[in-house]
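Below, chain A partners chain B and then partners chain C, in two separate complexes.
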Partner chain A sequence: MSIETTRTETTQIHNIGYRNYDGPRLGRAYARRSLFSQSLRGAYGLGRSAKSKVLPMILFAVMCVPAAIIVAVAVATKMKDLPLDYTRYAIFTQALIGLYLAAQAPQSVSRDLRFKTVPLYFSRPIERVDYVLAKFGAMAGALFILTASPLVILYIGSLLAKMDFADQSKGFGQGLVSVALLSLLFGGIGLVMAALTPRRGFGVAAVIATLVISYGAVTTLQGIAYGTDNIDAIKWMGLFSPITLIDGVQTAFLGATSSFPAGAGPSAGLGALYLLVVLALILGSYAVLMRRYRKVGL
Partner chain B sequence: MYNPTVARLTYRALLGRRRALILFALPALLIVIASAVRAFNGVDDQVAADVLGGFALATMVPLIGVIAGTGAIGPEIDDGSIVYLLAKPVKRPTIIVTKLTVAIAVTMVFSAVPTFVAGMILNGNGQQVAVAYTVAALVASIAYSALFLLLGTVSRHAVVIGLVYALLWEALFGSLIAGARTLSVQQWALSVAEKVAGDGLVASDVGLPVAVALLAGVTVAATWYAGQKLRTLTLAGEE
Partner chain C sequence: MIATESLSKRFPRVTALDRLSLDIGPGVTGLVGANGAGKSTMIKILLGLSPATEGRAEVLGLDVATSGAAIRERVGYMPEHDCLPPDVSATELVVHMARMSGLPATAARERTADTLRHVGLYEERYRPIGGYSTGMKQRVKLAQALVHDPKLVLLDEPTNGLDPVGRDEMLGLIRRVWTDFGISVLVTSHLLGELERTCDHVVVIDGGRLLRSSSTSDFTQTTATLAVEVTDSDTHPDGTRALREALTAAGITLHAGVEDGLPGAGHILLLEATGEETYDLVRDTVADLGLGLVRMEQRRHHIAEVFRPQQANQQEEVPTR
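Up next is the complex of A and B:
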């Protein structure tokens, strides 16, 4: 150490007092955790300007208000069961979930691309897989908070109204599994679409177009199949849009009633295919993101 | 009131590279659906009207309107490169009118043409259904482009606000609350289509004179206000 010091002193013109950092290095896991928590907070505008808190907070409130109203009505009229299944809630509020995803997924990744901060991340001890996992996890986590909170409200309300504990817990558990799958699926799709473009506006449009167009196309076709008595075709068409995929999985395995026309949801056999497609889409979006960030920035 | 250079730059911003993919994907999907329905179902005027009304006019036209309308000016304001355009001796209303022209042209090409093709596939223009919905798509393109171009100059979250209007207001509230339908571009366009189509296939809640007046009024007012807005534009930094 002393040798080095003397050497730098002879080569330096001025010693302006810069010192090396010799404190503890927090390492890769810490950096990954920080990126995850920052992205998760950022998805609700925490730690950002007041303006960027407005939209996520409004959407969060709008998600929760119907649940609170349902609980209030159920308690006031002393119902034996909630008027809405836990598993149906996300299907009914899918437009809000889609909007939230469209607004927040580009916020999470597009700006890193546009302001070329991605190379700066990779100059830290994190690897590509850490960045992708942190962003994916944060987006799915933010969606899970958005979709699970109303379920928690429903559950607490149903317990306060002294409904059947075992029955409600089972429904609540099924609902949580379903929204967890939904969060992973939607988060993956949203991030893939958003990571394609550094422009936030186009990212928003791309995400919402994917969700709305696929859903619009599927429901239109299902409606026509129903109108022409092709009931068998209805359950196959559900494979082609994210929200109907979730609907199919929970109809087959999580005891939900399908919102397909004529309630013609898939049986357990076809449901396995639904589940397979959902898992393939989640893993596929992870793989696409890994590919996307193989060469980025500079 | 029309500047060819601004128009050329806007066309390139809208149709350049991957952005055009979204614009091509939507009409392609409509035509695929139309072919599938025709193959499944044969010719049926009511089904044709349902597909064109439910998918083409209710979903596709507003989405393309949002992408073209906000995309014509939003990204430039967003990344600040609009100052180079504003610094040139071109009148602000001229910039708006030029960009509006481009947005209308793009929306019309990508929404009305596929609507017409899909209509021909579905029932070969029986009872004028294809023509009626093409006219509706053309009319709606103008109003949507003007509205969403205005949004692009007003807010940095123009795309989100535009989508909220197109999806929540027109689709959700429009189907729940009858009053909301009076204030919907889609219904105004439908009332024009109603005049063209055979009886009973297209229904609108707004009378034709009111609809035409509202369409023209909204378009002119939105364009004028967007011009005003651009004259006093303040560039916001990144939040």
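Up next is the complex of A and C:
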């Protein structure tokens, strides 16, 4: 009898003390998925402070408002076609996309570098490649949500307005491919800029500067070329800024109308070069990030 | 727990570890060395994050060169430097880190609540870390290393930046990690004294080489340095000198000049206590001289003493080559 009493007491003491964990350990792939979803949610301020939700949510809303207005007008006036192509929407709203990237890319990577949180990750099962893939995927995913959502609104609206289904689906599909490429390209560029600067403010400035300066320079030069009737030069210049690259690729392969001066987008041959440059930039961003984290790992 | 065999790590300019062979069992082990002695390099190799130039190392029976990820799943690591983002709460950070170690979401939350309670963080765990004191931050760092219930934790200078009270609390906590949680600990420090109280075993390295590896009982058994301070009296205007002469006459070994440069060094006598009788002898001698005994205390070993040859002779000497 007395032995049993002692046993019960021991159990009780054990229960309020330290408990060992013998549940499942889900390993590397699970950790990578967790980091991806945490970063993706973080890009919209979810799971973070109320203050950090403000900017991404406002930008998301502002991205969608024009689409909603277009749809409302199209439905009300019973248009036969949308007044704005799916592929044109991202070009049209590029300033918002740039702003979103400038705000969220440093948030995603600079904080870990600045507060030296990175060693906490690398002392766990995940490796450099998992960290980079999760962060890259999350940033591109967040941009895709931002750029694809208005297209979804346009598509649903076009179906409500009983526009030609096959035509709209094709346009919508082309638009999605285009923004997917754009998300990967912009996400890569944004993360590289942010990962090179532990200071968040510098990261924001660097991303904006890269996007604005390259786009500004390209359009200015294209304008000059247009003024001197040098149409060929316009086509080549598009290779030198991220958004004109996307414009070139979708003009050549995704049935888009180019927003270059005189609509002088690249033909399929030059378009292939555009696509190569886009893919090289995406892979290059990944390589730079891998290099960068080789140095800071612990 | 940890075994290394002529482990070396050379960088282009420096040799961080030089043919280090160690065998560390379960319990609390202190890794002592001056700054740059190779402690952090050692931890990086043990986590499988940095390849050794030569030799091999095993952690929990797994080779660091091939099973890095498996080791990191069962080992916790607390970095030396600040590593906490200020804008999230301790709970959020530790839950996230638990998931990074592979714990499912529910388990991560439960373990976080438990672990934070065990390291002594209560209501404040929901506030952003930016507002925490250094002591609280160190506890969060310890919690994230323990949250996945590892078999072994590597703590890199956990008492850095803490005041004496915080230091004692942290050391007590580290002791409990082994005694109450059953998790083995490898803790680095540049202060031998503080590890002496906490650890079962102490490894001293210098310049990447093993200087000494022995259990802490060896340290305390061999010698205890006794510090004695006395007042002056009318019959003995220099009480310290009178006592020194009396003790020397009684055949007690006095240390000279160890504490030079410290305040009050001139008034403190350091002598070697060989056992209980030394304490009695000092007491009686002081009483006979009619002096007032201000203090008589055991001095902690200082890292410098390990380097003193006469001290090393009395210890279990370990070949450094």
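Definition applied: the second predicted complex is superposed on the first by the 276 of 298 C-alpha atoms of A that agree within 3 Å, B and C clash if a C-alpha of one lies under 4 Å from a C-alpha of the other, contacts with A are read in each partner's own complex, and residues count from 1 in each chain.
The rule we apply is simple: a contact is a pair of C-beta atoms (placed from the backbone, for glycine too) under 8 Å apart; a residue touches a chain by one contact, two chains touch by 3 or more.
Bear in mind that the values here come from a model prediction, so they are computed numbers and not experimental data.
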Look at A:S49 in the shared chain and tell me whether it touches chain B only, chain C only, both, or neither; answer first, second, both or neither. both
After the superposition on A, what does A:R25 contact: first (chain B), second (chain C), both or neither? second
Would you check which partner chain A:R41 touches, where first means chain B only, second means chain C only, and both and neither mean what they say? neither
Considering only the touch criterion stated at the top, classify A:A205 as touching first (chain B), second (chain C), both, or neither. first
Once the structures are superposed on A, label A:P125 by its partner contacts, choosing first (chain B), second (chain C), both or neither. second
Regarding the shared-chain residue A:R292, is it in contact with chain B (first), chain C (second), both, or neither? neither
Please work out whether A:T228 is in contact with chain B alone, chain C alone, both, or neither, and reply first, second, both or neither. first
Where chain A meets both chain C and chain B, residue numbers: 48-49, 111, 115
Going by the contact rule at the top, pick out the chain A residues touching chain C in the complex. 17-21, 23-28, 30-31, 34-35, 38, 47-49, 111-112, 115-117, 119-127, 297-298
Considering the complex alone, what residue numbers of chain A touch chain B? 48-49, 51-52, 55, 95, 99, 102-103, 111, 114-115, 196-197, 199-202, 204-206, 208-209, 212-213, 216-217, 220-221, 223-225, 227-228, 230, 233
Residue positions on chain C within touch of chain A in the complex are 44, 47, 49-50, 69-70, 72-73, 75-77, 79, 81-88, 92, 96-97, 99-104, 107, 111, 114, 118, 144, 148-149, 180-182
Mind listing the chain B positions that touch chain A in their complex? 18-19, 22, 25-26, 29, 33, 36-37, 40-41, 47, 50-51, 54-55, 58-60, 63, 66-67, 70-71, 74-75, 78-79, 157-160, 163-164, 167-168, 171-172, 238-239
